[in-house]
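Have a look at the structure below before the remarks.
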Amino acid sequence: MLRVDQVVSGYGPIDVLNHVTINLEKGEIVAVLGANGAGKTTLLRTITGLIRVRKGSVTFGDKVLNGLSPAEVVRCGISHVPEGRHIFPDLTVEENLLLAAYIMPRSQQKSRLDAMYAMFSILAERRRQAGGTLSGGEQQMLALARGLMPNPRLMLLDEPSLGLAPKIMGTVFDTLAHLRESGVSILLVEQNAKRSLELADRAYVLVTGQVALEGTAHELSGNEMVKQLYLGGTR
Amino acid sequence: MTPSGTRRLAVNAALIVLVLMVPLVFHSRSSIVGYLNIAMLYAIATQGLNLLMGFGGLVSLGHAAFMAIGGYTAAVLVMTYHVNMFLAIVAGVAGAGLFGLVIGFPSLRLSGFYLAVATMALGSSVADVIKRLAITGGDYGLINIPVLRLGGWELTSEASKYYFFVVILVAVFLVVRNFLNSRSGRAVRAVRDSEMTASAMGVNVAAYKLITFIFAACIAGLSGALYAFTISYLHPMNFGLAFSINLLSMSIIGGLGTIIGPILGALFWVMLPLVIGGRMEFLSTVIFGLSIIGSVMFLPKGLSELVTRIQTRLKL
Amino acid sequence: MSIDIFLNLTVRGLTTGAIYALVGMGIVLILQTTNVMNFAQGDTGMFITYLAFFMITTAKVPYSLVLILAIAAGAVVGLLIERFMMRSVRSRSHLSLIMLTLGLSLLFQGLAAFLFNTEPRLFPPLVSGDPIKIGPVVLGRQDIVVLLAAIVTFGILYLFLYRTKQGAAARSISQDEYAARVLGIPTPSIYMLIWAIGSALAGLAALLIVPRFSLEPSFMGLIQVKAFTAIVLGGMGSVFGAAVGGLIIGVVENLVAYQFPAIKDSFMLIVIVIVLLVMPQGLFGKRQQRRF
């Protein structure tokens, strides 16, 4: 469904991604592992249109995403949950959610909003509260809900468990598993390699902007290099 | 010596001769020399602003106030207290520097837009205070300020002022350049690029911000004092927000953060209205506006970038 | 000071403050969303007022139509500024952005002086007639119009920002521009919209203000300085702060001018520096806001 083909992109004079090729089929959860600076976030930003594709192509279904603005990419059915959550602190929970479905007609926004409140009851309780007053875990739920608001076929998740207490981290991963069942595909960037390999169907390992390894999650969990580099501790 | 080195030497020599020849060429039209003198005074003041903004990264929308303080202090000391002119100019410079310290304090806590508004407010209030004081001539302005005198030598002719200002201008520019290349100058630029990095490197950020403000103010004060004894007339209206913005415009058009930018900017500013002519004087304001917009959008180093491009084209 | 004089000064101060509020609200709207401090706000309005002047006096267009045309002209100017200037330099330093708007302001002043000369012109008020007496307070009719306009403008801006999705998008951009783009909010069109609204407000404000002064290229200069002080006092963060800040400055200034005429102009300027130093967040700003 998503094909990232020989993509080069980066910031200013620097190419961060060097001919990266990644595929994702409908209904899959694909994890992207790699050290800091390997280009994981850059990959997500490039798919979303926040960074220009310099070489290669990104296609989604039969649509070429090269050169589209983030707004147009969202319209194609891809949503991006950025690292660090980026909740609007002075906007209410409800405003945060509605803005994520900016392109939708009002009636549809309303039904998506109800669906989100049904899925995340804590957000329904806090709907009138400012985003900045939520706890870290609640903010992550809000970030996930924002990603789901436009009813995407594919979600790009950047470090959804970063900075969360273990218990809440568990909730997040449970939510992701639940999402797969509802038919949303997920491209997951996570520093918690162990848990993401448990969840994912397949995975890629990025090293300095290139795909160093790819395979099923099971294969990679057994791979010596992955074990050493990313599964060393409990993290 | 390389061929390009020789060529560069030749061009520089030609430039120097040209500069020295100007009063002789325009012997019969001394008003042109007079305008060049004004341009040089503006260039001096602008160099201070350039130091502050281009190299220090600090915004000032009140730079005209430094000129006003330098000018009024020197003029009042000479006229009311009959102080020696040289000492009066020194006092003017010091007075402006002191006010630079005052205006510099907000810069320790404020940056960007906030600093712009604070300097705008302080700068405008200086003109307003001068307008209310009796000793400064208030709203009538200060008239009949004596003409510049050095020892027994009175600089009455435009040509004599011209040569004197060329010397001062070169001196100021050399001092600024040496300052920028010194340890302190590097510290100032480090503060501009990143306060956090600079302070991590052990640079006393607050001290260097104040030093930059004081230094910039002193230079503008010198320009103001010389201006007073050249024009022989001061009025608070001429040193309000509008003139601060003019100085800012000169430094932008000339090229922020370049050493020759202030000269180019001031020359452009003073000479363009002359070239266009009195009947269409406001056309030059239009061109100034467009030049600023053009500089920011397409030529971040302003006119000095053009000069550099010509230099590379001619392989100098 | 008798109570009657005090009341009169206060109410007149409110009408002056309404002027600052009108200009300040436009500036703060643009500043918050697009992160540009628009020094051309006043002169955009000034230039549009010249166009309006000739529409009224030469072309004999009815006043109400001119008012609408002026708002529309402001919106168009705002769109052009954003599309052809700001868009390409958005990532530059604050200094460059300030310079750009200063250049625009010079451009408008030069154009006005070049095309229409600098002679002061009397601009007819929207409503004329004898001043109105309310108890001991005497108020000019145009002053009442300006005061009402400021209130209505504030109401409309408030509804726009808090009741429309474009308004919510504008607020979200001011809090976290990156997040807004990630969520797929079409930020370029929001920027255009905000510049259009802000500049339309500039046109409206100048047109309502000008009968109290006279029409000349520099007439918005001091008003804009006061508008800046108003938004600083209000905390630079909100349209509400700009409106209240404007009114406070108008009233205080008027009272000070009556008691101590000598320090009339400097007083507020000094106050503003103190405000900046002692409480940079102003009266209504938040401590934790975007660092400008």
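Each chain gets a letter, A, B and C, in the order it is written, and its residues are counted from 1.
One rule holds in what follows: a contact is a pair of C-beta atoms (placed from the backbone, for glycine too) under 8 Å apart; a residue touches a chain by one contact, two chains touch by 3 or more.
Just so you know, these numbers come straight off a predicted model, no measurement behind them.
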Innermost chain, taking as reference the mean of every protein Cα atom displayed: C
Taking each chain's C-alpha mean as its centre, the one farthest from subunit C: A
Separation of mean Cα positions, subunit C and subunit A [Å, integer]: 42
Whole-Å gap separating subunit B and subunit C, where each centre is the average of the chain's CA atoms: 32
Computed distance of Cα centres, subunit B from subunit A, in Å: 54
Touching two or more other chains - residue numbers and ranges from subunit B: none
Subunit C-touching residues of subunit B, taken from the complex the two chains share: 53, 57, 59, 105-106, 109-114, 116-118, 120-122, 124-125, 128-129, 132, 241-242, 245, 248-249, 252, 256, 280, 282-293, 295-297, 300
Complex contact set, residues of subunit A against subunit C: 48, 50, 69-71, 73-75, 79-80, 82, 86-91, 95, 98-100, 102-103, 146, 150
Interface residues, subunit C side, partner subunit A - complex: 165, 168-169, 171-172, 175-176, 178-186, 188, 286, 288
Residues of subunit C defined as touching subunit B within the complex: 31, 37, 85, 88-89, 92, 94-96, 98-100, 102-111, 113-114, 118, 218, 221, 225, 228-229, 232, 236, 262-263, 265-266, 269-270, 272-273, 276-277, 280, 291-292
